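One chain, chain A, links the two complexes that follow: it is found with chain B in the first and with chain C in the second.
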Partner chain A sequence: MLSYLIRRLALAVVVLFGLLVATFFMIHLVPGDPVRIVLAGRANPAQIARVRHELALDRPMWDQFTLYISRTLQGHFGTSFTLDAPVGEIIGQRVGPSAALIGYGMLLSLLLGVPLAIVAALRPNGWLDNAIRVGTALTFAMPSFWLGLMLALIFGLELRWFPVAGYSGGIGGILRTLTLPALALGLALTTVVVRTLRSSLLEVLQSEYIEAARSRGLSELRVVGKHALRNSFMNTLTILSVNIGFLIGGTVVLEQVFQIPGVGSLLVEAVEKRDYQLVQALALLAGAAVVLASLAADIVQALLDPRVRLAGR
Partner chain B sequence: MSAVDALGQQPPPVAETVEPRRRASGLRALPLQAKIGAGILAVLFLAGVLAPLIAPYGQNELNFAHVFNSPSPSHLMGTDGAGRDVFSRTLYALRLDLAIVVLVTFVPLPIGVLIGAMAGYFGGAFDAIISRITDTMIAFPFVVLVIAVISIVGPGVKGVLIGVPIVAWALYARLARSEMLVLREQPFMLATTALGYSRRRTILRHAVPNLMRSSLIYSTLDMVVNLLLLAGLAYLGLGAQPPNAELGSIIADGQSTLLTAWWVATLPGLVVVLFGVGAGLLGDGLSDGQLRGRL
Partner chain C sequence: MRKSKQHIRKAGAILVSSVSLALVVSACGGGGGGGGSSASLSGLYGPSTSAACSGSPVRGGNLVYERQAATQTTDPLNPRNGNGDIFTYNVIYSGLVRSDPTGKTNKIVPSLADRWTVSPDGKTYTFHLRPGLKFSNGQPVTSEDVAWTLNRFGNPKINEIMSAVAIGFGHATAVDESTVSVQLAKPVAAFLYNISIWPAFVLPKNLVEKEGNAFYKHPVGTGPFMVKEFAKGSHITLVRNPYYWESGKPYLDSVRFNFVSDSNTRILALRAGDAQVMDVVPFSQVNSLRTDKNISVQAAKVPLFLGLWLNHQRAPLADLNVRKALQYAINRPLLNKQIFAGLGTIPNSVLMGFSMDAPDSVVKPYGYDVAKAKQLIAQSKFPHGFSTTLQYPGGTDFYKQLALALQQEFGAIGVHVKLVEQDTATVTNNWFTRKFDMVFPFASFTSDLTVPDEYADFIANWDNGFHGFETSWRNPTIQQQVIQFETTRSDSERAKQWAQIQQALMNQTPAIAVLHLPFINAHLPNVCGTNLDGLGSDHLEDTWLANSKAG
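And then the complex of A and B:
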């Protein structure tokens, strides 16, 4: 168990370090001088030199790199060129709505996906299974922002059930403002949940303990919904953790559709203003979120499932 | 943005017995759903290629006498706020988007397969380094990374053409590597060593053709992912710059008039959905066909 955790942790550290290296070089791939591009026309050479010094761009590459690593590890992400505030603070103010949107989207994908997968697995290749397959294939092919617009058109503009833009906090506020974007985000993930969980359920249904449950006379719904589902829980967890990156990408676009003040819309603003410092920090944050989520999922899986932690022996 | 069924966690099982090449070739051997999917894709690609010939109006032909006309025989998808024909714009957008999708899908594919094949074949330190690099690439949320690249090279098609391949090779490399680990133990691969073939010949002539198959099947999904990504970037205003139309930018144009002129945002989106369904059918059909050929 311990050796599995250490190996898994070491892998995460290596990938996190890779992310640091990649984001460090990102800013150095900007053709020309990033400071001059951003401050062009707004600052005199002396001010540009001062900003360059603050960012340590006037030092050798290796010094810059070690400085970047140590600053980042201490939680200092630098100062935004354009907003004139610490990057960490700016991001901190906007991370809430995005996290709520991702969490809500995941929840909806499970609420929709798990029952659909059970129904599909009860009668594989039956008409319901086929209908579900066609339906999920359709939602998967939809651009999430387009689906969001369609939901806004139907449930926002026509039926007036939900507002089509804005964000407010609290459970009530989230339910009101984030339901449509979370649905648009969750529906694409629902496809993945249904597909993976269905095939995992069908595989589990071949095993002997399911045969035993059936021979005890339990109803098929109970066999699939309780006994088989419990065993497929791990797969669902893995699907969710693998798709964190996909969800983060989806929020970037959906926050724009529904005008939610989260980190996704912050990223788009930063790109438009060419605020490299902010883009760099956001890219690092997004990558780190993915690495940590999959680490957490693997640890939970190892704690709950002895087959995983003993596999490497 | 790749919503992948736990890709990389569970690579698709590799054929235990490798088929001889070109056995069940030809369109007739494909299952029905693959044929339907291929048909849908063929129509869409043809529409894109022939856009200048079949579009009834120019993509930026303004006509202020016909603003926000609803769909009709003369304007199949209606007109937008400047009287531009949405159907013609969609055709031109499809032309641009499909050209980009083909480039950003099929340029990284052979590169990724080759890198993955070498990593799987040689193993050792080379494999470890390549695997960590692919892990890092895949850990980045795809959209965020491409947007970061666009922030560097500036908005427009160039950013997409650079940004997507930087990431996209990694998935193919991971797929090819995991298949190579199995393939390398196959008798015919061992035979290449016995025959004294160079490693270059072994990898390029004997391994890669076998590894290509699953990557090509995956590429049908990848094309959908890339088209969705492209539409999303264009929606955010980071894709092709006006007046050039992309599917995402047409949808974005229609957002403000969603209630009064629903067709501007709705109908181009359906074209994206159609492409996704076609590619999905083709991909599913191909992988079924592969299974059937194997069992």
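And then the complex of A and C:
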């Protein structure tokens, strides 16, 4: 188990370092820099040159890169020029709403997806199964900004159940302000949950121990809910952990539409302003979240399933 | 029965809204609507005149205002996000003087100073502070605070971004408890305009010196409101400053600016009544909002324009005949109608519109005349036309349509334009490093002042290091005229000189103003006293809610 964990951790470090390098060069190779964007059109060229020098933006890219790597390895993420504040402080203020949105979206996708998958698996290829498949394919195909706007239009503007945009904290605030964006985020993921869970349920439902359970006269609900679901859920968990990247990507769009002060909308602002420090830190954060989620899923799976744990021996 | 009817009505409303939303979403690709008739457009200018606002102002109420640009800092010497920061400075701070808050005139009127005198040589200004002035924390505003503020304004190492408006500043001295004197190095005609804007807003010396940057987390100023909560990326909540100098104002208890970059979301929030005011109404949405009885659309004349910047390092664009041909090739009335809902005005200037501008009868605009444009191309060094590029910022309401229209119009006179859409950061960077042929350099191109001094200097004064505001255009005669204009004190003399400069710039056409545009806001009809000044900034001290429950 320990050697498995060490191998997975080492891989995670390599992935994150690769991400660090890739993000640095991607954002630096795009034209524009934060000083020119903030000051151009007002300050004169000599002043802009002075500020760029202070921020080391006039040095060769390789110098900037080595400086960045050494600072990052020491845990210094620097100061955002465009927001005039330390990167850690800015991200700290904005990570909460995004985490709440992702968590809530995931929860909704499970609340919707699990019952639908069970219904579909119990009568495979029946009309209900087909309807669920078509319905979830439709929500999956809708662009999230459009789905978000539609939800805001119907439940915000017309029915007035929720505000059309904005964010407030606390359980009540989150329920009021994040339900629509979480639904927009969760509906796309519901498709993934339904598909994976349905197919593994179908497989499990054919197995001998399910037959045994049925022959003992247990109700279908109990057979599925207690015996089949537990054994089918592993795949779904893995898929969900892989989809954390998809969810983070979704927040970028939905936070703009619903005006949620999270890290997704922060990333958009940071890229627009070429705020190198902020973009790099946010990319690293998102990468770390994805790596950690998949690591956690692997560990859970290894704990639950000896075949995974022992495979490396 | 009644309920089911309601449901049907509701479903119908949803359908109608869905269709209109689909139009919102497709606005970038579609036309700008039929264009408003010019007769009714004048009604859009000025504050709300709805029936609800006919009474006298009512005190109380909380206003929610959806703003496109977020406030990122409250430090008036370090704006990071243009109007997002500036419009907040304007309600939490104030200066010695201000521009007419009603926006009706271009005059400078008293603010913290109730009167001032100017020495005959125009180099010494003496300001007298209003008695009993206090900051929003209750501490008195001293002449020492004012002098210290102005000396920071005049120090290019501290006022790094806006040092252009501190041109000619010498130093400020506190003469006595209520008098401040400012010595200029040379007469500066626009001096009062220069100190009417945010870099000269008065701050408490003791607190800023003691707290440093931490001061701006809970800033103290002399504006009508003060900061209660600043949630970066989300909103800023402002409450009434009990020590504000205009007695009885502001009327509102609080104002909350929500930062909502997406225009569809701003419109939805206004329609849902979650907010009472929104700024930056997209031109493609003006007509749809105007037909909504529950929404008032308001336009304000501001120095905002579509500036098409030309690079004179490119041989064809250095040719005066070519530049004039491009001016004549643009069908401005059509562009205005198709893309800008008829709200733009046709410029008789190459810069943004200033109230000092000479009228069309004195300086004529370029008309739409393809024959003349072709003739000018034939006379140029490029009689068979040429190929060039036009860069513009993507992701905005109208630039793509505008660029496509210009491509077609320039193509008709043999100027083949390749369109290059980039994000705003890239476009601005390419403009700044002069990597462009033709470019719309900013998503929103405005002046910080209502007088032309700042921009005339930017483009015509080669010595300021701006390379003709990155056009590489240079004209010593006009440069001399501009420098003289900046130091001339008599208003009537300045008006004469400006007309000559305006005409000379039109003749030389170093750049092209395609259209002058207004700022467009929208609000619910019970929001009254929605004054915007000549720079498009809200004067929320005059704003009141006729009935805070109506909506």
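Note that in this section the second predicted complex is superposed on the first by the 267 of 313 C-alpha atoms of A that agree within 3 Å, B and C clash if a C-alpha of one lies under 4 Å from a C-alpha of the other, contacts with A are read in each partner's own complex, and residues count from 1 in each chain.
Rule of thumb we're sticking to: a contact is a pair of C-beta atoms (placed from the backbone, for glycine too) under 8 Å apart; a residue touches a chain by one contact, two chains touch by 3 or more.
In this text the structure is predicted, and so the values were computed from the model without any measurement.
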| item | value |
| --- | --- |
| Partner chain in contact with A:Val242 - chain B first, chain C second, else both or neither | first |
| First, second, both or neither for A:Leu128, with chain B first and chain C second | neither |
| Which of chain B and chain C A:Asp84 touches, first, second, both or neither | second |
| Partner chain(s) touched by A:Ile37 [first = chain B, second = chain C, both, neither] | second |
| Partner chain(s) touched by A:Ala46 [first = chain B, second = chain C, both, neither] | second |
| Touching partner for A:Ala99 - first (chain B), second (chain C), both, neither | neither |
| Chain B versus chain C as contact partner of A:Ala10, first or second or both or neither | neither |
| Contact residues of chain A, present in both the chain B and the chain C interface | 30-31, 146, 149-150, 152-153, 157-158, 256-257, 272, 274 |
| In the complex with chain A, residue positions of chain B that touch it | 1-9, 132-133, 135-136, 138-145, 147-148, 150-153, 155, 224, 228-229, 231-232, 235-238, 248, 251, 255, 258-259, 262, 265-266, 269, 272-277, 279-280 |
| Sites on chain C touched by chain A in the complex | 10, 13-14, 17-18, 21, 25, 70, 72-73, 75, 78, 80-81, 156, 160-164, 213, 231-235, 258-262, 264-265, 268-269, 271-272, 274, 422-426, 428-432, 441-442, 448, 464-467 |
| Residues on chain A engaged by chain C in the complex (per definition of touch) | 30-33, 36-48, 50-51, 82-85, 90, 93-94, 146, 149-150, 152-154, 156-160, 163-167, 256-261, 265-266, 269, 272-274 |
| Parts of chain A lying in touch with chain B, wherever the complex brings them together | 11, 14-15, 18-19, 22, 26, 29-31, 137-138, 140-146, 149-150, 152-153, 157-158, 188-189, 191-192, 195-196, 235, 238-239, 242-246, 248-250, 252-253, 256-257, 267-268, 270-272, 274, 276, 279-280, 282-283, 286-287, 290-291, 294 |
